[in-house]
Structure formats: C-alpha cells, structure tokens
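Labels run A, B, C and D following the written order; every chain starts at residue 1.
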Amino acid sequence: MIKVGIVGGTGYTGVELLRLLASHPRVQLQIITSRSEAGMPVAELFPNLRGRVDLRFSEPDSAALAGCDVVFTATPNGVAMGMARELLEAGTRMIDLAADFRLRDPAEWERWYGMPHACPELLEEAVYGLPEVNREAVRAARLVANPGCYPTAVQLGFLPLIEAGLADTGRLVADCKSGVSGAGRKAAVPTLMAESGESFKAYAVPGHRHLPEIRQGLALAAGSEVGLTFVPHLIPMIRGIHATLYATVADRGADLQALFERRYAGEPFVDVMPPGSHPETRTVRGANHCRLALHRPQDGDMVVVLAVIDNLVKGAAGQAVQNMNLMFGLPEDSGLGQIALLP
Amino acid sequence: MIKVGIVGGTGYTGVELLRLLASHPRVQLQIITSRSEAGMPVAELFPNLRGRVDLRFSEPDSAALAGCDVVFTATPNGVAMGMARELLEAGTRMIDLAADFRLRDPAEWERWYGMPHACPELLEEAVYGLPEVNREAVRAARLVANPGCYPTAVQLGFLPLIEAGLADTGRLVADCKSGVSGAGRKAAVPTLMAESGESFKAYAVPGHRHLPEIRQGLALAAGSEVGLTFVPHLIPMIRGIHATLYATVADRGADLQALFERRYAGEPFVDVMPPGSHPETRTVRGANHCRLALHRPQDGDMVVVLAVIDNLVKGAAGQAVQNMNLMFGLPEDSGLGQIALLP
Amino acid sequence: MIKVGIVGGTGYTGVELLRLLASHPRVQLQIITSRSEAGMPVAELFPNLRGRVDLRFSEPDSAALAGCDVVFTATPNGVAMGMARELLEAGTRMIDLAADFRLRDPAEWERWYGMPHACPELLEEAVYGLPEVNREAVRAARLVANPGCYPTAVQLGFLPLIEAGLADTGRLVADCKSGVSGAGRKAAVPTLMAESGESFKAYAVPGHRHLPEIRQGLALAAGSEVGLTFVPHLIPMIRGIHATLYATVADRGADLQALFERRYAGEPFVDVMPPGSHPETRTVRGANHCRLALHRPQDGDMVVVLAVIDNLVKGAAGQAVQNMNLMFGLPEDSGLGQIALLP
Amino acid sequence: MIKVGIVGGTGYTGVELLRLLASHPRVQLQIITSRSEAGMPVAELFPNLRGRVDLRFSEPDSAALAGCDVVFTATPNGVAMGMARELLEAGTRMIDLAADFRLRDPAEWERWYGMPHACPELLEEAVYGLPEVNREAVRAARLVANPGCYPTAVQLGFLPLIEAGLADTGRLVADCKSGVSGAGRKAAVPTLMAESGESFKAYAVPGHRHLPEIRQGLALAAGSEVGLTFVPHLIPMIRGIHATLYATVADRGADLQALFERRYAGEPFVDVMPPGSHPETRTVRGANHCRLALHRPQDGDMVVVLAVIDNLVKGAAGQAVQNMNLMFGLPEDSGLGQIALLP
C-alpha cells in the first residue's frame, strides 16, 4: 500500500482527491492537513465521505508528512514551494496541484504570480505532469507539477496539430469555458449562486495565469514560441471545462481525424470522438477522461477542436492520481474507473 | 415628486429597490448610502442600472437623509433601529426592510436577534407593512416594518382560513422553499454556486427568525396563540419563494376557493388562481404578485395552500414600494407594473 | 458471472443501471433492448459509457432474455407485467423498476394506473424490494418490485417512528421535492430547461401515483391504514429527492435519535446523521445512500424527519442492483461503492 | 393606438412580445393566433400575464389580421412568407421574427432552410431590422425582417471594426454561447433540463443557419465577402447570449474604445462599457440592451470584443418592438424601459 498525505484538504481539489483515493485499491490515506479545520472529522465537512473516510483534519506536521510515500499539495499557490525541499530530502515524493512548479522560468512565475519563487532550483527537476506528453518522465519523477485545468484541455486539443507541424502557431485562439468549481471553495461574492447562476461572462481577458503555462507547453511541442489568445469564461454550472480551439491549417488534404486517433491511440484517458461529434461536459462529469472532436467548418482552413474535461478530475485530482499511478508503477487507470454521471 | 433615500444599497434588496424606484413616476432618488462602497457609481456595482441611475454611493449622512420624504433602510438587522428616532423627529418617514420593527415584543426581538432593542418605544408605533392586513394603518404610518419574505407568503396563504375560523390553528405546518438570493449578497461558502447549485436542503429547522414573525401575525388573526411548524429550504435557483401550507379544516363543506377569492377581491397584488392550479415561482419573477392555489387532496380534512412570491419583490423591495405608495397617497400599484419574466 | 438483461434501456434508469452494472465485478451484461433505438451502439446514445459498454440496443427478444439469470425492466408502466410470466417460467428472475408489481391490490393498481393488471396472480408473489424492510424475502424472490423514488425516501424516513408506535399515523405529512430526472428522458414541454429551470412548483397535489404505494408500505408497518398527505414538488436540478416528513409524536421523552440509529444499525445504505444535521441531496449524488436527520423544533410534539436520496440510485437503479445482490447471494454492496460527487 | 396582431403566440418570442406589448403605452393588442391552442386564454398558458392580457388564442384569420396596423409573425421558419403578400396588400405592415426575409438571396435561403422561397420578389423590399444599421429604412418599411439572436450580437460587436476598415475580414471568429430558450418552446429531448442542465456543449459547428445571415451583414459593411468561423454553444441557463469575437487589427495605434463609443453614440440600446469590462448576460436579462466591451490582450494584434444581449429581447421581441416604434414614428424606446433583472 502506498502511504499518502494530503496538504490542504478543505478545497474542491482536496475533497475530490479524497473521493478518488478512498476507493483506490493501493492507497492508504495517512494524513490530511488543514490549518483552519484541524481537529474536525473530514466527513463532517464533506458528508459524502461519511463511512468512507475516517480521518480528521490535522495541523500540518512535517514529520508525519515525511513518513508518507507521496504527498499531494492542494494548497493555494505559493505554499507547496515552501515545503518541497524538506519533503524531497526526506525521500517523500510530491505532486503539487497548485501552480508552484508549472512554469520553468522563475521570472515568468514571479511576473504572473506576484511573488519570488522559493526554490527555483527545483523548477528544472519538476516534471510537468501531463502523462500524454511526459509519461516516462513522470514515472521517474520525485516532484510532479500537476497541470492546470485549462492547460490540460487546451494542450490535449492543440498538441496533435502542433506536433505534426500543421497549425499556424502564430495565431491560435483558445476560447474556454469553466464551471464555477474552478474558482475554488472560498467565500467570495462573484461566485455566489445569486451572482454566477443564470448568467455567463468572460473574465481575465487581459491575461489569465494559465496563459503562460499553455504557451510554455505548446512552445515545447512547436519548437518555438506560439501566438495564443486565451479567453476564459464562467459557466453557470459546477463542474466541467469546454475548450473551443481555433487553428489555421493550410493543408486542406490532411486527415486530421486519423492524426488525432493515432496520436492518442492507447491513451487510457483521451477519447477522440467520431467525426461530427459535439462532446458535452457532462459526459466526463466525475471521470478522468478528456473527450475531443474535430471540425473543419465549410471545408475551410480553420480547424475547430472541441475538448471537454471535468476540471476537478482530469483537470486536477484525477490527473494527480494518474501521475501517482505512474510514479509508483501501478496500472495507470488504477482507482480511476469512475464512469461519468449522466444525467 | 417624493424625495427618497436608501440606506444600505449594496445588497439585493437595495439593487431591487433601485430597479423599481428608477422607473417610478413619482420618485426622485436623492441619496443612497453604503459605507463600504462610498464614492463608487451605483451603476458600476450594478451594471443593469447603467444609464438609469446616475447616483454614487455615499457615506451615511443624517442631514441628507433627513432631507428626504422617506428613507428605506435595507441594512443588516440592528442598524435601522439606531437611526429611527432621529429620522422620525426630522419629519422623515421610514420603511425598514430589515427585521428591526417587525416584532411587537422587545423581549422576543432580543431572544431571536441576540441584541437588546435600541428603541422599544417605537415598536408600538411601527406598522407591520402587510397591506392586505394593515392597509389603512400603513397610509398613516411614520414608520413601517416591511415584512420578511417567508412571513409574507405564509401569512397571505394562511390568513383567509384563520380569519374565517376554519383552520385548526394548533397544528399548522409551513414547508417553505426559497431561492438563494434570500441569503443576501455577502461572501459566504454555503451560498457559493458550487455549494448550493444542483442540491437541495432544509436549514434552520430548530428555529428560524421568521418563525416568531409569522406566529405573531397569525395569532393576531386568530385571536390567540397558534401552533406552527416552519421548515425553510434552499432551492438551487436565484429568486422565488414557494410556501406549501398544511392546515386541518374539519368543515368539509366549506367553499374555500370562494373564501379566498372574496378575501382577496380587489387586492392588486394577490392572485387566487383557479381550482386545481399549481403556481410556479417563475410566474412572479420580478413582479410584486403573490399567487395562491388551494387543494384538498382526496377530499380529506387536510387543506394544502400553495403560495408563491418573488422574495426580492413582494417579499422585500416591491412590498416596500407598495407601502410607500400607500403612505404618500399614490395609486397602490404605482411603479409596480412589471410583468414577471417568463421564461 | 451473473448474466443480466435490461429491457428498456434508453431512459435515465436504464443508463444508470448501465453505469452501475458496467463496473459490477460479478455481472456480465448480455442484452439491452430498445424498440426505438435498436441497432444503435449504447455508447452513442450515452457517451459517458464510451469504452465501457460495447453493446448495441437490440429488439426485445424473449429467447435472449430468457437466457439471462436476471432481467431488469426499466420500461413504462404496464410493459413489464406483460413479460413477467414468460420470463419467470423460463427460470429467469426479474426486477421491475416500473410500478407494475408495487401495489398488492389489482383494483388499486387499476384505479391509479388506468389499466387492468395483466397478471394479478403474480402480485402476491412479487416482493416489494425495499431491503431495509424485506431483506429476507428479496433473497428468495423470483420477482422483485423495485420501489418508487418518493416511496423509498418517505418510508425510510417514517418507518422507525411507525414501527415503534410513536407517530400519530392518522395525520402524516410528506412534503417531497425531486430533481427533474424523475420525470424521465422523454420529450415534453414542462421539463424543458427553459420551463423548469430557475423555478419551483408543486405538482399532482390532488393525487400522485406514489401515494397508494407509500400508504401501503406505511400501513403494513403500522398494522392499520394511515392518513397521509403527500405533496411532490419539482426542483430546478437534475438528481436528488428531499423528503421533509412531519409526524406528531406525543411522547416527548422518546429518544428518537437512538431509535433511528438502532433501527438502521448495520444497514449499508441508510445513514442516520448526527443530531442537528440538515442533509443535502448532493451528499448522495450518484451514490446508493439514504441520509436521514431528525428534528423536534422547539421541543414540541411535531417531529420533522429529513431524508435525501439520489432518485436514480437508491430511488431506482442502485436499489435494483442492491436487490440483485441479495437475490444472488452477493455482498449487498457489491458494485455499489460509488462515493457521491461533491461538489 | 396602434392595432397589433401576433401570429404564433405560443412560443417564447410570442410570450415575450406579449410581456412587452402589454405594457406599451401606444399599443392595442387585437389578436393573437395559435392553431394548437385556439380558444385557450393566453394567461392560462402564460400565467405571468394573468390580469394583464385578457385575449384568447384564436385560429389564424386573414381578415382579422388585415385589420391590424402591424402584424408580428413569431412562427416557425417558412410560415410568414406564405402570408406576407396578402397582408401587405391589405395595407398591414409586417415584422417577421422568423428567418423568412433575412437573406437577400433566395438561393441562399433555399440552401440553408431547405425549401424554396414563397415570395422571392419581397426579399428586396424587406428591410433587415437592425436599427443600428438600417434605422431610416426601417422607418419607411412595410416589411421588416427581424434579425436572428446570434446575428444581432455578432454584428453589433464586429461592425465598428469592419466599417472602419480596421479588421482583417478574412479571418473572423465568433465564438457564441446561448441560453436554452433560444431553442424554443417545443418538446425535445436535448433541451430537457436533465439533458442540458449542468452541462455545456458546442452544436452545429459544421454550419448554423445564422452563419449566412451574419456573413451577409458583415459583407455589406465591409464591401466584400468576409471569412467567418461561427461556433454556437448551449449554456445551462435560460436567457442570454454572449458573443466572444476575435478579429486581427494590425493597426496597434487605433483607439478602438473611442471608435466604438463614437459609433454607438446616441444609440438607445447599445452600451459600450468602460475599458477593462467583462459584460455579464444578466445585466441585460429582460432588457433590450446590447452591452459591449473591448480588449486587446497583451497589446497584440488580436482584438477581442465581448457582446451580451438577452436573446428574447434585443435578440427577438424587444428588437421587434423597437422596429415597430420606428415604423410608426414613436419614440424608439417606447415600451422598452425595462431594467434588467439582477440578480
């Protein structure tokens, strides 16, 4: 059994990790920390876990965490980087669900996150945990940077085109939409139901923190910088991300459907749907899948890729468990067999 | 023109007052106060008012408020009672949308609201602003206690039965459901969309502050104390209250439909629907109406009354404007002609 | 492996059965029928099943069904009763998710469902599949009548009080609320999102078909007829039932919390929450649990029981699988380990 | 008073016309037709109109309609074109809310709508009723083609850039999102709440009927054909359209904010929001406004325009009333003073 610790378990990625790990056949939950709720039974805060998780939240305790085989950090940005060195030195592996280790360039990190990086020397070692790109590196990693939710959907949708050199990478558009759970479980007026229900809006159009992360991933695939316009929107629903991706593909003869199917053949969690499909976010609700569909409207040179994920699963906790499975030599889909809840 | 001030304009009853008053043919908005947002244009916080309300929020200013003909207080409980004496002495009339003047008994107020009453001597003078009960008293009032949202729906539904002496008043049940805007526009985890969307729950079953208010109103109609079980629930929607009311009516021959129609004949804002109806909250969304329907399932002795209102209109701001109209001798429906938005 | 057939697999109970059975360790799905969609891959209609269910819908075929160990009928009312004799004679066991075998009295069935019963002689044999009441009978049953969604929640909430002889059974009130998936997956104006979203209403107050089913179950527990007022409502959400139950309990000294805990001790799917709880429907979303909480407001003689289930799981497909597990000697929770999706 | 008839009043544009016209100071509703509901009181189908609209639906009657000053056709595509000649010859003016007269080219109409045009000779006369473009022509029109919902939002958002010659019109992207009321009030599985709630999807990516309408409008402004990729999506909410528009503007020095403000100066229903704004659909719910905001992320050459309307108001019934006001010489905002319902 893998001994697992969770730091920062009171948010939505925390409770989702608990839901997945509580059913994982090879995991033993050792500790889950929360400064604010220390002492409270986890199942009191999250009654869906009654009878399944008997732990209480505890104060962060380095020694206890260091006794784990792996620690998931589901903390606000900037916390995990303060704990990484100590954990790694103790031989504990670490999967960070925040943004602390996603950007390779500490200056870029500082620019977007507004604070200096606490351990820039670890940025090179950290493996960006998108298994469809970095599977082998993840297996060997001590420290995994779990991708952001938007970056997961956008990269999975664009990568086959970019890797094949088919897309004009100077003029990519990612129009993305997310359910409100992406904003986290913190008291705030804009995500009250009376504010975000029955309404739709874009936000952060001037610049969202996931932009540099997406650009970094696409640039690695392209071999050069990319031009990307990224506009996120808030959907009046709880779970799900829908990315609508636009790329110019001059080669009108390319069989893009076949390209995508080849690229993701054998991938356990990427589903290239049949031609003509319009994936719905609910088809991945609660599941670790990304479903993709391809369109080339009116046979023009603009290709539209539709990608859906559950932001809390493939966009966060599920992908983290997938990474853990790789790191510990387990079947990649271990504990990730949930079928999406439809309706 | 009636010069109007609003104290505490940043909540949902505040913006709803603004929506109604901005279109009122006889109102001139003079001042709207907010400590937290002083200086900000009202239409910046509430863009639905762009082009219609040019005021800025200002610091509370006794002199400016005293220059109004009437002041609406849309403040947290306990604030209005600290301002009432001064305003009344200045000749300004006052309509309180909070609970400060709803209960006649200061001890009861202190028990439920957890603080001593600041001006118990005004409790007797204050008129409980349910026009269908107190129309004449409202006309003459200096100080109106605008009813709570649940109490409005429950009283309008029960009153005809109780006034007619038909209901067993020892065993009334009010099972009520409200949209989340009833919880107000304040940052809080339980009313986040990710918490209250796609879910349903009861709350405050041991005792909700609207219980003594309802009991007081029903007791006045009955001429004696009543036994009432009141259970509020939260609906995953924004606006609307649905009260499902249960009363034992031993007299199986009573024509309850006719009773209700007579009781509310001529009432501009109470609609007794045809027999067999099931009113939907959306039929009053944005409108000042209460729609009622009556059932006596299987011809038994249990009568079921269904009552719907928009909690922000007939349950708050609309009823306050209705009271203002009465106080200033205007047509009672002046500025209240909005038709509910359906769908 | 248990060979399983499903008749009528294109509705919500059908797809939910598929979700549960596809992950069941002891089930082999043999056949799923649908007249309207025969030939279509199941996963084309329900893309959440892509990669997990490879079957196609097929025309109903008696021989193929008779080759199954058990057949679930998820058909409109009145269909299953036409197939029962033949299946049972072939040695196939049957779990009907419709209402065909829920009422013992064929005259009552005809009154509420508007058609004569096709095999009244089977009504006595059929076991009402509420395991918390009829566990032993279910184990031995050839034919199980899977309970309705409202009846499951209402009976589980009322039974401890009634079995203990504590409730006044002449005056019970069940105020129930359901998500829209309870109305099924059929084209209809009233359950369009534009009609049922952002609104709340009661329906069928004069009489709902679940009323006789609930009365029958409660009367069996009480040993005599009960007086019940049952009012269902439609919640603007997809899954979940919340029953708010009112019963007069004259004995103010009774320890009801202990009573409920004893009654459901050892029950794998009934969770009596701690005193003061307000269960939310989302805490059972996708899971087979019923969560209960008890209140006695203001220490009066009115007891309020709150009960939540997922109407498609404990209220339909999950309970059907629970019954199948009992019938085939499997662990009762086999294949039912899903944790509710929260948020 | 203008005598008004409505043909096809049982859909969402029909009830919205009724809501607006019932409060219009210069309108007398004469007749509202519906084959399916003839004889039923309008307020029985739409209880929000109780006490405000006393008409019954009637069978279509040419003579009665010809007695009106203006007839609104809120019918399925293809119906209005069969009535137009007769009405116009009788001297009745006509505003079609369907698509029958929106495309100038009958061949294009036939291609997208799958039927030959019944009166192609009227296509030239018909005025495309986007007042911000065709105000003077609308005043004089006998026959107005009321624009589609998506085309209204997309054109208002793109037009200033295109008219000024600033946008690369070969590579426009319109990523649009609509509430479900856009699908109309007809029984259908995909728009059931259990299907479209809590989910998000694109639809009609290969080609939506509003595409040729948008292209036609933009081409007129550009003076040449445009290249447009248009992807509509379904939002799990009732009302509202959000268009996110992408255009390459090479001239980085252009003051686009000033351009838009000048273009729409004096427009009663187009609101150019301050720089940095993110308009929410709820700020126009129930109101006839289009709110626009402009962004140029990272000071690149991609300009993002955000446009919101209520699909049933500015996207349908409200714009139709605006056109009627123009046609009859009334103040353009007559009867259109509704303030959006927020929250």
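The working rule: a contact is a pair of C-beta atoms (placed from the backbone, for glycine too) under 8 Å apart; a residue touches a chain by one contact, two chains touch by 3 or more.
On a predicted model such as this, the values are computed, not experimentally measured, just so you know.
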Interchain contact steps from chain A to chain D (minimum; 1 if touching): 1
Chain at maximum distance from chain B, centres defined as averaged CA atoms: A
Centroid spacing, where centroids are CA-atom means, of chain B and chain C in whole angstrom: 39
Cα-centroid distance, chain A relative to chain C, in whole angstrom: 36
Inter-centroid spacing, chain D versus chain C (mean Cα positions, whole Å): 45
Multi-partner residues of chain B (each touching 2 or more other chains): 12, 179, 181, 185, 194-195, 197-198, 236-239, 279-280, 282, 285, 343
Residue numbers on chain C that touch chain A, as the complex places them: 12, 15, 19, 22-23, 46-52, 181, 185, 197-198, 238-239, 271, 273, 277, 279-280, 282-287, 291, 312, 337-343
Chain A partner contacts - residues on chain D that touch it in the complex: 171, 173, 175, 177, 179, 194-195, 197-203, 205-207, 227, 229-231, 233, 235-240, 242, 244, 246, 248, 276, 278-282, 285, 295, 297-298, 300, 302, 304, 306, 308, 343
Complex contact set, residues of chain C against chain D: 12, 179-181, 183, 185-189, 191-198, 236-238
